[in-house]
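Going in written order, the chains are labelled A, B, C and D, and every chain counts its residues from 1.
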Amino acid sequence: MEIGLVGLGKMGANMRERLRAADHTVVGYDHNPEVSDVDSLEAMVAQMSRPRVVWVMVPAGAPTRAVIAELAKLLDDGDVVVDGGNSRWTDDVTSAQTLAERGIGFVDCGVSGGVWGRTNGYALMCGGTAEDVAKVQPAFDALKPEGEFGFVHAGKVGAGHFAKMVHNGIEYGVMQAYAEGYELLEATDIVDNVTDVFRSWREGTVIRSWLLDLLVSALEEDQGLEKIKGYADDSGEGRWTVEAAIDNAVPMPAIAAALFARFASRQEDSPAMKAIAAMRNQFGGHAVHPDAHAVRPDTEAP
Amino acid sequence: MEIGLVGLGKMGANMRERLRAADHTVVGYDHNPEVSDVDSLEAMVAQMSRPRVVWVMVPAGAPTRAVIAELAKLLDDGDVVVDGGNSRWTDDVTSAQTLAERGIGFVDCGVSGGVWGRTNGYALMCGGTAEDVAKVQPAFDALKPEGEFGFVHAGKVGAGHFAKMVHNGIEYGVMQAYAEGYELLEATDIVDNVTDVFRSWREGTVIRSWLLDLLVSALEEDQGLEKIKGYADDSGEGRWTVEAAIDNAVPMPAIAAALFARFASRQEDSPAMKAIAAMRNQFGGHAVHPDAHAVRPDTEAP
Amino acid sequence: MEIGLVGLGKMGANMRERLRAADHTVVGYDHNPEVSDVDSLEAMVAQMSRPRVVWVMVPAGAPTRAVIAELAKLLDDGDVVVDGGNSRWTDDVTSAQTLAERGIGFVDCGVSGGVWGRTNGYALMCGGTAEDVAKVQPAFDALKPEGEFGFVHAGKVGAGHFAKMVHNGIEYGVMQAYAEGYELLEATDIVDNVTDVFRSWREGTVIRSWLLDLLVSALEEDQGLEKIKGYADDSGEGRWTVEAAIDNAVPMPAIAAALFARFASRQEDSPAMKAIAAMRNQFGGHAVHPDAHAVRPDTEAP
Amino acid sequence: MEIGLVGLGKMGANMRERLRAADHTVVGYDHNPEVSDVDSLEAMVAQMSRPRVVWVMVPAGAPTRAVIAELAKLLDDGDVVVDGGNSRWTDDVTSAQTLAERGIGFVDCGVSGGVWGRTNGYALMCGGTAEDVAKVQPAFDALKPEGEFGFVHAGKVGAGHFAKMVHNGIEYGVMQAYAEGYELLEATDIVDNVTDVFRSWREGTVIRSWLLDLLVSALEEDQGLEKIKGYADDSGEGRWTVEAAIDNAVPMPAIAAALFARFASRQEDSPAMKAIAAMRNQFGGHAVHPDAHAVRPDTEAP
């Protein structure tokens, strides 16, 4: 099939390659002329025959909104836009409405797979009408991994990004579990070589997984992770997952703990712990530490 | 090699099969004469030639202690006992000492793999001296999965069970992450078919794992998990992991959350939430709900 | 001063009494004619002289919006509306704008104190311009507790409800802390009488507080809280607090734990724990429990 | 009554004063001759008439064990030793046994109140037989606050320290709740003056408490807590509380969160978050940030 692809950063460029390797015709556009196939969105659209499918792969929020607004002007009745970025699922309804006013279809698609996706295929979770999804299906088939898994039409518009959001929320929790186990092993000297233990877990264990493989790979490159700072950003989807849990009265303690751990990792000093320390100071007792000479209790300042 | 195997429950019996399939000679003993190869521990030991290796595969705690105490009387200098059960790593030092008084070696070995282990191999994490471990190595090689992973000599006595304990702690956290994501997907009607979404995640995603495969298998058998009660036991290793974290001042919020969720799942009614409800009752205001007729605030009882 | 009061439920009626006891003139309106001083909002407004102050004390959300929309039509330039309900602070800006179009001022005011407020005074946290707040100050002074505490002009519009929201979020965490301690004391038989222990904590301890007093009162009425179900609603402010924390990348593990515990308390069965149980089922091993006769390990199903 | 007091650090010295102010005769002993009334434990005991009551107020663990071992040699049948330090409740049974072999009674007593205790009285939670407690009662009555609260005979030996342990566990949770609320208020600019908001909460609110008073006092001394580092030690009782919860399968998420936050506050860098960052690195995508020029998605590295 023929497909327009807007956004040729790392992900977009890799996806273009995978689509072309499956003999699809990709017209790619990016602000950066060095990677772009055409000079403008207009040129991209002009070059395609109807019904067109345009896959948008730009950052969520304002950039995605801007591209979709432009496409709403350029495309025609029967065309379909796919938002393959990390948009919040609640934004998809707005995108769909904007496009629907012009008779343009909309499919939201959560994409997982990172730099390995080009080779192994991307996991795809999409939302939209069956009719719109069908128009994109050949591209989905090329992008997804071989085999029976890796693609789902999850439901109506928004369902794809919702499923991807939950996927990422789960990812936060899973990563945090490995991380806590790692820290405990490192904190004691009971185990001789933490990397060896993690590596051994890659087969036969209950916790074998792709994330474990990644962690082993990182440990093999840098035993003790000495070159890495304990600082973790968050991309938004963890936050949205916990917020969706709160909206639906779903207890989500482990994923929330993972999110809060990331927040804390970015703080130079914790205002909350300042408050704790300040209260302990007020007890008065905690400044007095027992020493070898005097018999001194320190019964307060818990 | 020749190996004695004490405890022929599901795990022990499967391991006997796997060892025999690798052409090892197994003398198995169990209280249950229907599955036992010999009539008694004495008979087992008598039938073996020195140096003997005896693998104990009985429940942790009193049963393991009892078997090891008996073996201390029956075995000789240079023999080795392996504790392959779920013993707490702190018990291993005691076991090793009991046996060392008679010149008998000791290796602790955490075993993972469940009913799949017979076919796929068991992940093994062991602790002990290099000399003792070497005597058991042929059995380890038969039991572990093929390939380069699945076995580690983690360190001195106790290190094997410690590593297995942390493995299980991580498992609690990973399971909880999937479970929370599952509940959120089920709580909304955004996604059409939760099973389909989970199934699609088996390839190409960041969160693909063996536990995910298990959950998909369960969902395929019972959509909505309607035949299953939300009740989860814990086997001790999750508790020990969190306790070890506390001993070592390691923050472990996600794994602890998973443990607490299991505790809560077993309560008919929560005493803590009774206390919350009791305090709210005392505010007095919360019994008054706004209704359609009256304009009534309910500003307290948060 | 003269003040209009819309909403004469438990809170509103008590506040009317406290205002009148301070010699203020209150014109109260409620849908319920049995408690209302006037027949309609129009009658209320007509009876008051300018500049008018109208205090709205109705449920947050649609009811508050409806009353404010009506008041925007009835009041005049220089009048002030106070929203004393539990509105989300983000709604206050909308309320203020609606009223500002007609030259009407707006003050948001979080109110704490419950049924004790009538006697002891209400804690008040307000937001708005100094000019608008000044017009309401005599009412604030009558409603607040005697002494130097219990009232704060927290900042611009929204600041009052924001402060009240955080107050309630803290309350969730504090209540949860007492509740967890209560459950631990009840779970063991180390302490003879849990009520006696809590009662003793009312003086001299670090954790003495009004909430502790309430819990003691509840325990004295019902030892063991046997008449109370472990079921706790949430009024929204706990959710908003955690959401505000997430928006601001503030770690909030204890308050979030309290919120999640309330969610869980309302579930007949936990879908997440069903998923945990389903995964454990798939391990296969966990159905086999050790018994007194057989020597059976149960090494999986952690 | 006459009472021996071992350990005249800040707490012990204050307690001696309060006991003497109630006309009791105190023979105090401390390693530090400047504060000690006698030269040795022997001298202290020799100076007292039978049945003697000796209150031990030294650090938990080895120091307490050493003093009790010495007293077991010096005291006689019918005497009573009180451990008023922060001993773990499980140590009390050992202390009681050591003393019982010589016919000496034992009472464990958790003490709360800090530097304010001298003036306001100490909250006391004790464990032991009714007979032993009765011998100490006059001292308890002098040390406790005036009024009906602040003393409880919680149960058998160990119950006093158990109750105090739970008290301190609750304290962790309560402090954390205030601290999280404080951080949220500071993280936004919605509220003009965080100190003013906290101060206003001292009366009329649901969350008024002694700990709130302490925090307000700290904020008044140092707005923004700029002189305080976000670093919080823990004295052991929080750990024991969570461990006791785990032993009894009691969910304790909020208090555990408070404990873990303290652990994290003491880390220069978090090994767990290093592991998170390492896994994110392996995704490959996260190093590429969207910039103003290029249209670049960053769809991985959640």
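We adopt the following convention: contacts are C-beta pairs under 8 Å (C-beta built on N, C-alpha and C of every residue); 3 or more make two chains touch, one makes a residue touch a chain.
Computed from a predicted model, the values in this text were never measured in an experiment.
Farthest chain from chain A, judged by C-alpha centroids: D. Between the chain pairs A-C and B-C, more C-beta pairs are in contact across B-C. Chain B has its Cα centroid 30 Å from the Cα centroid of chain A.
Taking the mean of the C-alpha atoms as each chain's centre, chain A and chain C sit 35 Å apart.
Centre to centre, using the average C-alpha position, chain B and chain C are separated by 43 Å. Residues of chain C in contact with at least two other chains: 112-114, 168, 171-172, 176, 178, 180, 183, 187, 206, 211, 249-253, 257, 260-261, 264, 267, 270, 272, 283, 300, 302. By the touch criterion stated above, chain B contacts chain C in their complex at residues 6-12, 30-32, 57-59, 63, 67, 84-86, 111-116, 168, 171-172, 175-176, 178-180, 182-183, 186-187, 211, 214-215, 217-219, 222, 225, 228-235, 237-238, 253, 257, 261-262, 264-265, 267, 269-286, 288, 290, 293-302.
Residues 206, 234, 239, 242-243, 246-247, 249-253, 256-257, 259-261, 263-264, 266-267, 270, 272, 283, 300, 302 of chain D are the ones that touch chain B when the two sit in their complex.
Residue ranges of chain C in contact with chain D, taken from their complex: 89, 112-114, 117, 120-125, 144-145, 147, 149-152, 154-156, 158-159, 162-163, 166-174, 176-178, 180-181, 183-185, 187-188, 190-193, 196-197, 199-212, 241, 244-245, 248-255, 257-258, 260-261.
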